[in-house]
Amino acid sequence: MDMTGFRDVLERVRRGEWSVDEGLRALGKLSAEDLGYARIDHHRALRKGFAEVVYCEGKTPEQAAAILERLARHGTNVLGTRAQPRVAELLKERVPDCEYDEVARAVVIRRGPRRQIGDVLVLCAGTSDLPVAREALITAELMGAKAELLVDVGVAGIHRLLSQVDRLYQARVLVVVAGMEGALVSVVAGLVDKPVIGVPTSVGYGAQLHGLTPLLGMLTSCAPGVAVVNIDNGFGAGYLAGLINAMGES
Amino acid sequence: MDMTGFRDVLERVRRGEWSVDEGLRALGKLSAEDLGYARIDHHRALRKGFAEVVYCEGKTPEQAAAILERLARHGTNVLGTRAQPRVAELLKERVPDCEYDEVARAVVIRRGPRRQIGDVLVLCAGTSDLPVAREALITAELMGAKAELLVDVGVAGIHRLLSQVDRLYQARVLVVVAGMEGALVSVVAGLVDKPVIGVPTSVGYGAQLHGLTPLLGMLTSCAPGVAVVNIDNGFGAGYLAGLINAMGES
Amino acid sequence: MDMTGFRDVLERVRRGEWSVDEGLRALGKLSAEDLGYARIDHHRALRKGFAEVVYCEGKTPEQAAAILERLARHGTNVLGTRAQPRVAELLKERVPDCEYDEVARAVVIRRGPRRQIGDVLVLCAGTSDLPVAREALITAELMGAKAELLVDVGVAGIHRLLSQVDRLYQARVLVVVAGMEGALVSVVAGLVDKPVIGVPTSVGYGAQLHGLTPLLGMLTSCAPGVAVVNIDNGFGAGYLAGLINAMGES
Amino acid sequence: MDMTGFRDVLERVRRGEWSVDEGLRALGKLSAEDLGYARIDHHRALRKGFAEVVYCEGKTPEQAAAILERLARHGTNVLGTRAQPRVAELLKERVPDCEYDEVARAVVIRRGPRRQIGDVLVLCAGTSDLPVAREALITAELMGAKAELLVDVGVAGIHRLLSQVDRLYQARVLVVVAGMEGALVSVVAGLVDKPVIGVPTSVGYGAQLHGLTPLLGMLTSCAPGVAVVNIDNGFGAGYLAGLINAMGES
Amino acid sequence: MDMTGFRDVLERVRRGEWSVDEGLRALGKLSAEDLGYARIDHHRALRKGFAEVVYCEGKTPEQAAAILERLARHGTNVLGTRAQPRVAELLKERVPDCEYDEVARAVVIRRGPRRQIGDVLVLCAGTSDLPVAREALITAELMGAKAELLVDVGVAGIHRLLSQVDRLYQARVLVVVAGMEGALVSVVAGLVDKPVIGVPTSVGYGAQLHGLTPLLGMLTSCAPGVAVVNIDNGFGAGYLAGLINAMGES
Amino acid sequence: MDMTGFRDVLERVRRGEWSVDEGLRALGKLSAEDLGYARIDHHRALRKGFAEVVYCEGKTPEQAAAILERLARHGTNVLGTRAQPRVAELLKERVPDCEYDEVARAVVIRRGPRRQIGDVLVLCAGTSDLPVAREALITAELMGAKAELLVDVGVAGIHRLLSQVDRLYQARVLVVVAGMEGALVSVVAGLVDKPVIGVPTSVGYGAQLHGLTPLLGMLTSCAPGVAVVNIDNGFGAGYLAGLINAMGES
Amino acid sequence: MDMTGFRDVLERVRRGEWSVDEGLRALGKLSAEDLGYARIDHHRALRKGFAEVVYCEGKTPEQAAAILERLARHGTNVLGTRAQPRVAELLKERVPDCEYDEVARAVVIRRGPRRQIGDVLVLCAGTSDLPVAREALITAELMGAKAELLVDVGVAGIHRLLSQVDRLYQARVLVVVAGMEGALVSVVAGLVDKPVIGVPTSVGYGAQLHGLTPLLGMLTSCAPGVAVVNIDNGFGAGYLAGLINAMGES
Amino acid sequence: MDMTGFRDVLERVRRGEWSVDEGLRALGKLSAEDLGYARIDHHRALRKGFAEVVYCEGKTPEQAAAILERLARHGTNVLGTRAQPRVAELLKERVPDCEYDEVARAVVIRRGPRRQIGDVLVLCAGTSDLPVAREALITAELMGAKAELLVDVGVAGIHRLLSQVDRLYQARVLVVVAGMEGALVSVVAGLVDKPVIGVPTSVGYGAQLHGLTPLLGMLTSCAPGVAVVNIDNGFGAGYLAGLINAMGES
């Protein structure tokens, strides 16, 4: 709670400037307002080192670029997800050092220091899942994690995954991005003893039901230690992986 | 087509017993009827060596036992699926050499010779899927296949499956029975180059949706060479595996 | 398992070049790596005579054409599925003998010998299902099968199907491609005693649910001997049919 | 419309007993009330020869029997659907000539003359669908139709259906009761040129989805001339078949 | 059954040109082929007065126009459903007397006599459902029915429907086309004692689920005498209504 | 906000008993606690005249009765929903004046005054929907509403509903309880200009989908002025109707 | 009921111009017709102060503008929902004082007096839900309500909502517009004792299922006093809120 | 990898007891077997302090008790989930110090030391969700976590949750168990910056869809930092929470 306002009231009452009733009224007003600001401050304190995030889909490139630029002025990292190339073009004119990842469709403006703690490992089977996987990767990195992406480790060619078993053992948190039936999550979670975050993707057709099939499959995985985020939600997985990864540092 | 009836008409016409018009009327009648019998004969010829099948669910034990006994009199193998123990008890009184598999809930009356050709391999992850897996096994065996069941080869402990890779390579057809998310199908189909029949089971809860989740997952498997039968349909998988297995003999 | 690496370790240990501990470390490293390569070799050996496959949807024509061309250099057959005409145009410039099937939207580069063993019969009711049916046909052919396509044999005019009954009996494997309610699968599987692969298509509207209705219908078919692949998955059906068909040759 | 009340008003106005305003008030009151009775009368006139219907499920046997008995006193036919045997037992004590169909779970009290016009043909594949099929049969009969039930004409053994083609051609309306995938509807509707009413049943398991699969399949049937009623709704199909059948008499 | 071929065989056998065995072989061949033609002839006989139908969606305007023109040469009525205006433009160049209904998106070429028997009444609530309603109307008309369309009789303003009650009573068959929740079907079926065919439309949004909501609602209607066709299937409803309407003539 | 605690802090600070820092700590503690109590008080004030509610399903009769008894001691009205008869039996022993509605499965202990303001009208089609309808009725009554239940006003016999139009016009709020397809809501909302609360029930079978069908139908109703609560949620509808009804009094 | 016509009949009968039978026939005809007009008048009387509404989606801009203009001539308020900017452009040429809200995509022509009674509060979490929220706001205003929109009060930052608690308490009716999982409805309904109307929106992706997820969530809300309208149905919510709000005035 | 076997082979080869070829054969055999044991050992090392788990549902009490007893002999902790009271009774006879949690239906046999590191906080709204919440609690405790359960903090009375905000801030990982619409997850995740694991429960009825509604809602939560496990899967949530919690210790 922001104690400045409250202290001010108490001091005025103590000094006799305000009656107890006047103090009560002021407290009532503060109580509601400060609760809000308290929360914001609290958040800011905890999220130190992370970025403001803007979901660009459904905004015009002009709107998205304007919001991203304004946030960047506060000196924090800024992440724009699901941004068309045009957003980056517009932003570059005003924020020349912004970065754009075409595959992830993500814009990044780095203003804070780049930390690389822990070890977040993002896995996916192939190129179709890359946009979601890279969004997870970039998000985890912005949260201060050392993060790496392993591609081409699908279940249909299990040997490629198994030849990376040692790499899997090293990771602190694993993000498994998988379309089709999403079986990769079960296999990975059966191999490691670390938290596994499953991200179903909408890659597939017919009975894949736009990602519902791997979503349901991951939720009923026969391997323990798995939790799941929304279809194609690379950002959510990367954010949660970043949170968990950071715990290993305390 | 049963040519006896047709020949009779032609001969009567040739002998002048019937006019052409009388012959035409007779042919019209035969044409429809014989088509039916032709088909039945044809079936019987092809299904040689296999059994008559009775789905016992929804019948009283008395009804089921009576039907099974009657079929056994024709000297063919008889298979009763989803049969309660009471069906077997009643049947034993009249057909003492009938066999009952408690796990598969299957009654078998063997009347034909026991062949053991080819190699059908049925896999499942654990004891919960056993009823369905054993139903597939027994069905394939009745169709003349050498059939074997590998249990405890789930995806969450992939090493147990991999330690059996050589066994997988030997099989002519594989039936993969899997509940939960059904990921075992994708891993197995990625390892072998033989037909894989996926059987989703209703084992699981919540988002498993009574078997819909592994059903959808198997259909969208990232590995080729897979086809799927209905939830808990061990009989269907064993029958199809038996058909395919028999082809390797010709 | 690729024993060359393992033998080398054993020989070095035997010759005293390496201590037992050095040998152990080398084995540990080999164990993981070789497992992978073993699988790849194995696959290559078994899949002999078949093609590399590229799913072109979701790739730019330029990307698709480049991948297809690169694969063709290895001297194997190459199949590109769901390829727009532009892919074929681009590919023709560099691989003049590539073939394009407009209906199936499939590109084929033939580098291996053309075999025509067995008998795969693909059936569909009408022109709307043709793209999927032809994809199945081309895939089965590339796997070395003699394959034929019967069109216009829908359930609503059952006489057209029945007039082909003899043709159905000859087939070793049948692929039934059906949209709408998919009833053709049940009728065909009731007529033959050979494996039937059902391919539901998304042809239809409203309660057809983009193919879910025939998918569910085929899975609950009252006729045995049927298994099902994903909606519109002509490739998967053709591949599996090719596998089964090849078994009749051994 | 029940003109008695209205006539009375007009006559009082004509005779000068009531002023026009008094007449208007009386008409306003009558208008609402009579509308109701008018409808009932109208219905009664049209439904001549048919029965009052009671859906017994969810009622205690005592309640169901009491309602059925009370209706029978009006001298019309009475039909109780989904009635347990206990309902019939109780009813027999008071209405000794009531009939109970165990398979259809239907109680019938005949009070009107038994007509047998037209030709309603009810088809089903096997014993599992019999309860629904017989409910349709009994309902159509009560509506005055000559009605017949053809059992064992499923799609998996199409020859049995085809050997009855002449019988199908004779029917005025066809009711096709089918569980599993419901393909029988498409085949029958492809053979005849008469109205076909599809009744999906909940017979099946897994992907049959308690009847949703044949329901959706029948709705997307590739054959024209079909309309569908709710799952297991034998009464609805029989009632509609009775209505259509009766039209052929006018 | 096409008796010409069969008669020819019998006559050759009678004349001694062919032996009985030669006759048998010829009959076997004819039996399969003729079955097909028999069915077609049979259909043609029954469908007298109706049209050939082409579903134009998914065909190019050029393809659709060419098929329609070819059929028109046979001298039967021709109906093209879901046809874009361009189809009609192209067709007009070659078949100047073809008619195009923009709302129903239907092309009609009349070659048979125009009959107007019975009374098919098509109802819908508003302009959004008109395309489907008019498709039903045109189809029923082509089948020889006197058919009429009542618009603006939705449930939300029940008085407009009730003011047409007498019109409803006159109809022989009623087609109720309704989007949103489809409640109109229940109200209409409660008012009349004639067959009611429900056609759910995809008009609506959100929980309307592209027509699934009125489809399910119509199937569970509390009023008897209703059967349902697929979402937006005006043709199917009109065809079935035409069949039923024609029965009143016999 | 409960100002007593805050005032105490301010007075202690003013009197110099506490330092400003001590005051701040006390305020921090109060702030959280009081927020809670404030809300509770606020609720109590507003809900004056209404009852505590206990959802008895999933509790043993003993547990349910004990909770109900304890609440009754506070002198407020108490409502127990979905209570088996045994709950009432047990409760009667200790709270002899409790009332039990068998149809609604509701227990009521009245401790506050019985008000009967406004006019809540609950409608349902038949006896099957009565449990839900009476639950709504009792709840609205406990909230101080004059409430009435109209039964037997289904859509299939629209005249019975129309003969009650004047009664509908008088109501301040209408609760429409409907199973099957739920069409009654649309008709009622088309007749009145008052808020209509739709309550879908699970009465029906097959495509009724345990109440999902009327739920979806009510949500897509073509008549404005409707909002919907959960399936079988008579309590929720009665509570909301009570809230709205009470507004007409201010 | 329109008594003019009825009076005329009675007077003619009284004067002896018509016999009683002639009167009866005339009454029968009037009865149906007048019922309709009666309802329309009744509606008009009750909806006083509100607008005619046109749903513009699915109409061409020209059609929509023409309908809106014609309605405006009657001197009532007119509301066009889901109108593209082009509709407003066209309308402005003929009705220069029409207003267009780009966010809500709503056209308003004010002809009646602007009342501002009661207090309808519309809440939403963010800019994505604004189109639906503003549609609700504008509709409620047109119905004579004082209406206000609170934006940026989502559940993920609960302090912003809590800092507005006093504002929430003042409202007479609350409309909560929420996409994603729709949790805002439960929190708001837990805070207030006034009717809460939930409007799920289609904002979100993947498991949000185009709005089905918040729709289902709102329906199962753990807080009482909530009812729900269709996905994205801002108009429906605003209309119902206006009805309820107006009740507080009587 | 278990190097004992491998070392033995190398030493035999080095000593000349085995030829290189004999060594190769031995390695081949070991490679497969040891891979398995390696994994098991690896797991055992990591899972130190945790228990063997038995899912008792679907097993007879006798079977479940026997398996639990046998595992307990290995000296590790043992957890039996979804165990009926009878399982505990039987087990008590042989393992007198086993504990049974009636609410969670969990049997625990403690053999390892009880550690209490970190801080796992489990929240749920009410008594209905307790079985799932306590299962999560017990699981996390067995994994060595200090774990606490906060009950009665539902969204409908948000003040109770807010009064616990400080407690929420202290937790390292939060498990939120919620039935109905599951909104609690979004509110909690909006308040804290720690990983939140959502566990939807099947508590509710109608549109709650046996837990699918809160499952979908949690997946689309507007608050970041959330991942979800299967419906009613308290064990899965507790296990994952235990894994994450343990990371804070390293």
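We call the chains A, B, C, D, E, F, G and H, going by the order they appear; numbering starts again at 1 in every chain.
Here is the rule we use: a residue touches a chain if its C-beta (ideal position, glycine included) is under 8 Å from a C-beta of that chain, and two chains touch if they have at least 3 such contacts.
Worth saying up front: this structure is predicted, and the values here are computed from it rather than measured.
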Lowest number of touching-chain links that must be crossed from chain D to chain G: 1
Shared interface numbering between chain F and chain A [over half = same, under half = different]: same
Taking each chain's C-alpha mean as its centre, the one farthest from chain A: D
Distance from chain D to chain A - Cα centre to Cα centre, in angstrom: 60
Between chain H and chain D, distance of the C-alpha-averaged centres to the nearest whole Å: 55
Centre-to-centre distance between chain G and chain F (centres being mean Cα positions), rounded to whole Å: 25
Separation of mean Cα positions, chain H and chain G [Å, integer]: 50
Residues within chain E bordering two or more other chains: 35, 39, 157-158, 162, 191, 206-208, 212, 215, 219-220, 224, 230
Chains touching one another, given as label pairs in label order: A-B, A-C, A-F, A-G, A-H, B-C, B-D, B-E, B-H, C-D, C-E, C-H, D-E, D-F, D-G, E-F, E-G, F-G, F-H, G-H
Touching residues on chain H, where the partner in the complex is chain G: 125, 154-158, 162, 180-183, 186-187, 189-191, 204, 206-209, 212-214, 216-224
For the chain D and chain G complex, residues of the former touching the latter: 1, 3, 6-7, 10-11, 13-14, 16, 20, 23-24, 27-28, 31, 35
Chain H contact footprint on chain F (complex, rising order): 32-33, 35-40, 58, 200, 202, 210-212, 215, 230-233
Contact footprint of chain E on chain C as seen in their complex: 128, 157-160, 162-163, 165-166, 203, 205-208
Contacting residues of chain H [partner chain A, same complex]: 39, 42-43, 46-47, 53, 169, 172, 191, 193-195, 197, 215, 219-220, 224-230, 235-237, 239-240, 243-244, 247-248, 250
